[in-house]
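What follows is subunit A paired twice: with subunit B in the first complex and subunit C in the second.
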Partner chain A sequence: MERRRAAFQSGLAVFAAAVAAWWLPQVLELFSIINATVYTAMAVLALSLALVWGFGGILCFGQAAFFGLGGYAYAVGALNVGDTTWAIPIALLVPTLAAAALGYVMFYGRISDVYMGVITLTVTLILFNFINSTAGEEWRIGAAPLGGFNGIPATPPLNVPGDPGTPLTPEQIFVVALACLAGCYVLCKLILRSHFGRVVVAIRENELRASLLGYDVRLYKLGIFTIGGAMAGLAGMLFANCVFVSPTMFSLAYSGQIIIWVMIGGVGTLFGPVVGAMLLQALTAWAGTLPDINPNLILGLVLVVAVLAIPRGLQPTLAGLLRRREAP
Partner chain B sequence: MTALLATENLTMRFGGVVAVDGVTLSIGERELRCLIGPNGAGKSTFFRCLTGQYRPTSGRVLWRGRDIVGLEPHAIARLGIGIKTQVPSLFDGLTALEGVALGVRRLHGEREARRRALAALDRLGIADLAGATVGLLAHGQRQLVELATVVAPEPDLIILDEPTAGMSAEETAGTAALIREMSRDHAIVVVEHDMQFIRAIAETVTVLHQGRVLVEDTAPVVLSDPRVHDVYLGRPPEARQAVPA
Partner chain C sequence: MDAILATGIQALTGIASLLLVSLGLAIVFGMMRVINLAHGEFLMLGAYSAILAVEAGVNLWVAMLVVAPVCVGLLGAVVERLVIRRLYGRMVDTMLATWGLSLALIGAVTMAFGNSVAGFSAPLGSVQIGAYSTSGYGLFLIGATVVLLLAVWMVLRFTPVGLIARGTMQNAGMAAALGVPTERVYALSFAAGAAVSGLAGALMAPFSGVVPTMGTAYIAKCFITVITGGAAMLAGTATAAGLLGSVNTIGTFAFTPVLGEVLMLGVAIVLLRLLPQGITGRFFRRAL
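Moving on to the complex of A and B:
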């Protein structure tokens, strides 16, 4: 029953992504396509935290760190290898290793939840400051200048695999981003259905009980945290393909936003945070066009109202309403 | 023959408080042991030392002759020690079946884990709660779900810290029956305050008082020992059925 539901949801997600990939490039202008790609990349980022926080119970304030690392690893890789297809594994590997190392220190070092928040936040800040200070000519990795606060504007986009001379069009990159989003969603569903995923959720429910049943809590947390880091890195890679990488990727503003997307969408859900990420970005963009009003003011207001009106988040609230209608 | 589990001079201090004070105790294979003692005697702390939740200040814990002090709780669980903690420790967000099956899944395949989990729930008379979310259950039912969680993987040693607290008379009787049945092929240590319950199940009773072993003997001898009456506030044990935790 539940397996069928998960399969149905996965199928629906893939179908929706396919429809969007086919239809939107026909109706949207170039500028909007690039924006849609950014939204999609951010949805992948939201999904990464939805998994780590919502199911692993690990509130990571530093998801932006892996996002930034993924973006920079892609940019540096793409500038150094001829065929940018090869920059993809680099963009995944760097944040994965970083998440594994940070996770190892936190989970095996028995760091309490509060300090875990502090540490993830601090690491993000350190990376932000470090990347910001790489303006000089001496800061380059191979052919790639890190560029300090300017970032790396000259990042080549993905090319047709095996054909470095033919870069993908923005429409094609949009399709790649949608495929990544749908793929990550299905991957999350598969993980949560697996024994590993169920242990992760059980640990969120009760760490002590899980360990008294013989499960090494540290290992499972490390596992889910690392997967989340890799996914955030993938989002960074996509972002690097439609905007360009700069230190803001590591900023607290981003780290905070990701948490808000997941919160609004519903902690403990997957689809909710995806929608949350898209809605809030659209809202931010709209608020930015309003004259004489600070967009942050509007965002703050929306956030407060949302937290008060739908404390459980979009998806659980909507699901609850639907259920009530079905069973009067 | 080496005991299944033995402690040697096990001591646990919290600052100035000596919660467990040089306890030497030995549990044989398939033994059913009752551990009793007034509130604060150190029973739960003793268990936490056995299961790796606390690292004892000094002394040894031997599992089949091997010192296991310093092992992580999950590593100790993997040796074959299961514990039902005094405060129920459950997966509140999961269904009873999911939670019970999770513990078995480490040892068996998906189907078998499910089958064994259902069998454990059935044995405790709560098969009908299989699909219920654990967090929404009444206290007595939660105790039963936790019991099922602990016994379903069939650990060699089962530790039960006040398993019947909050249970109805009927649930308590069912638990006593389960303990007797399980003790045929598992070693079990139970903490209980209910003297009738102890009479019904126990062979050997160990009395803990202020962290030390006060007496250890057969149930009838221990329960008529005046020192045991004294530590239980001087009242006869019959008057102390179902002491609140």
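Moving on to the complex of A and C:
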């Protein structure tokens, strides 16, 4: 039953992504297509934290660090290699290694939850400060200047594999992004169905019991954290393709937003955070157009009210309401 | 000799300001185990209330030392009543709610005062030390930090209110069983922490420009200081501020201010790897 439901949900997600990939480019203008790609990249980012926090039980305040690293690794790789296809594995490898290193320090140091949040936050801030200070000619990796506060405006888009002369159109990049989102969703479902995923959830439920049963808690936590880091890097790569990389990718505001998305969508769900990311992005965009109202004010109030009113998040709350209606 | 003295004062100023901005957070975290992510915005509001008071014609010292802590302390009481009280014992939710609060406060202040830098220049001029000169306000800051730290310690150590506070901190359930209104103790602690943050923000205002986002520049430093300090809120925060503040100053002198900060955060992470319970988890365990 459980297995069939997971397969059904995965199929539905792939189908929805395929429909969106076929239909949206026909009806949307170029600007909206690029926006939709940004939303999709953010949804991948939300999914990465949904996995790490919702199922691994690790509240990472620094998911933006891996997001930024992915973006920067892609941009630097693309500018150096030329063929951007080869920049993709670089963009995945760098955040994966960073997540593994950070996770090793935290989990093998047996640092408790609260301290973990602070450490991830701090690492993100270090990166933010560091990248911000890299203005000037001496800060360059190969052919790519890091550009300090301005980032790398000349981030090249993806090209047809093996042919650096033909970059993908924004519509094609949108399709790639959707494929990544659907792929990540299915991957998460597969992970959670596997033995590894079940142990990870067991650790979230009761760490002491899991370790008494003989599982190396540290290793499993490190595993899920690293996967989450890689996924956030992928999101950064997609984001770099439709905007460009800049230090704001590492900023506290981004780290905060990701947590808000997952929180609103529902901790411990996968679909909720995706919807949460899209909803909150739309809300932020809408708030930005209002005269005299600062978007931060609205975003902040939404978060406070959400924590107080729907602490379980949208998806579980809505599902609970539906269930109550079904069963009299 | 003069050079050493001047550098020493510079380092002490760095340590004092770090301790000053962290103390409010340390009180709230130490007393209530609440991580207040809006701490930076409390600092920012302290600075703004001081500036507004000065513009309204209030004496500079009164504005900094009285108006700012009172305003932010009242705000803290309101916030505790509306938000924090509903989330006791839910650490992560408190973190998220205060983060929301922080964003909302930044937004509200930006709307009210715009995104421009305000501020007032440091009073007290400069003091000559041999061939060097140092700012008199820096010396005042060091003194003010020492006085504030001593005041908090004496309240906790020698007054009946302090006794109740320490009891609640050590074992809230037992304190409640003995008739201590722990809810009111928590409310007061949060307001007191907010007031100290407001005072710190106002005192730091002449050093850093006052902008709506100034809190974000401090928040990471404050956190890492309090967390590195560990369970004993005063001794821990003071030792951590001493250590990290010196690292920061040395890094700033040897390289750039940015690298100084990076170095400081790096040292803190290594320290937490070695002492997961913070400095006072191993040393000065019985201190306050």
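Note that the second predicted complex is superposed on the first by the 326 of 328 C-alpha atoms of A that agree within 3 Å, B and C clash if a C-alpha of one lies under 4 Å from a C-alpha of the other, contacts with A are read in each partner's own complex, and residues count from 1 in each chain.
In the analysis below, a residue touches a chain if its C-beta (ideal position, glycine included) is under 8 Å from a C-beta of that chain, and two chains touch if they have at least 3 such contacts.
Predicted, not measured: the structure shown is a model, and the values here were computed from it.
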Which superposed partner A:Ile119 touches (first subunit B, second subunit C, both, neither) = second
Does the superposition put A:Gly300 against subunit B (first), subunit C (second), both, or neither?
-> second
Using the touch definition from the top, say if A:Val201 reaches subunit B (first), subunit C (second), both or neither.
-> first
In the superposed arrangement, does A:Leu314 touch subunit B (first), subunit C (second), both or neither?
-> neither
Comparing subunit B and subunit C in the superposed model, the one touching more of subunit A is C
Please indicate which partner A:Ile173 is in contact with in the superposed arrangement: first for subunit B, second for subunit C, both, or neither.
-> neither
First, second, both or neither for A:Met263, with subunit B first and subunit C second = second
Dual-contact residues of subunit A (subunit B, subunit C) none
Contact residues on subunit A for subunit C in the complex?
-> 59, 105, 109-115, 117-119, 121-123, 125-126, 129-130, 132-133, 252, 256, 259-260, 263, 292-304, 306-308, 311
Residues on subunit A engaged by subunit B in the complex (per definition of touch) | 195, 198-199, 201-202, 204-206, 208-217
In the complex with subunit A, residue positions of subunit B that touch it | 51, 53, 72-75, 77-78, 82-83, 85, 89-94, 98-99, 102-103, 105-106, 110, 149, 153
Residue ranges of subunit C touching subunit A (in the complex, touch as defined) | 35, 83, 86-87, 90-93, 95-97, 99-108, 110-111, 216, 219-220, 223-224, 227, 256, 258-259, 261-262, 265-266, 268-269, 272-273, 276
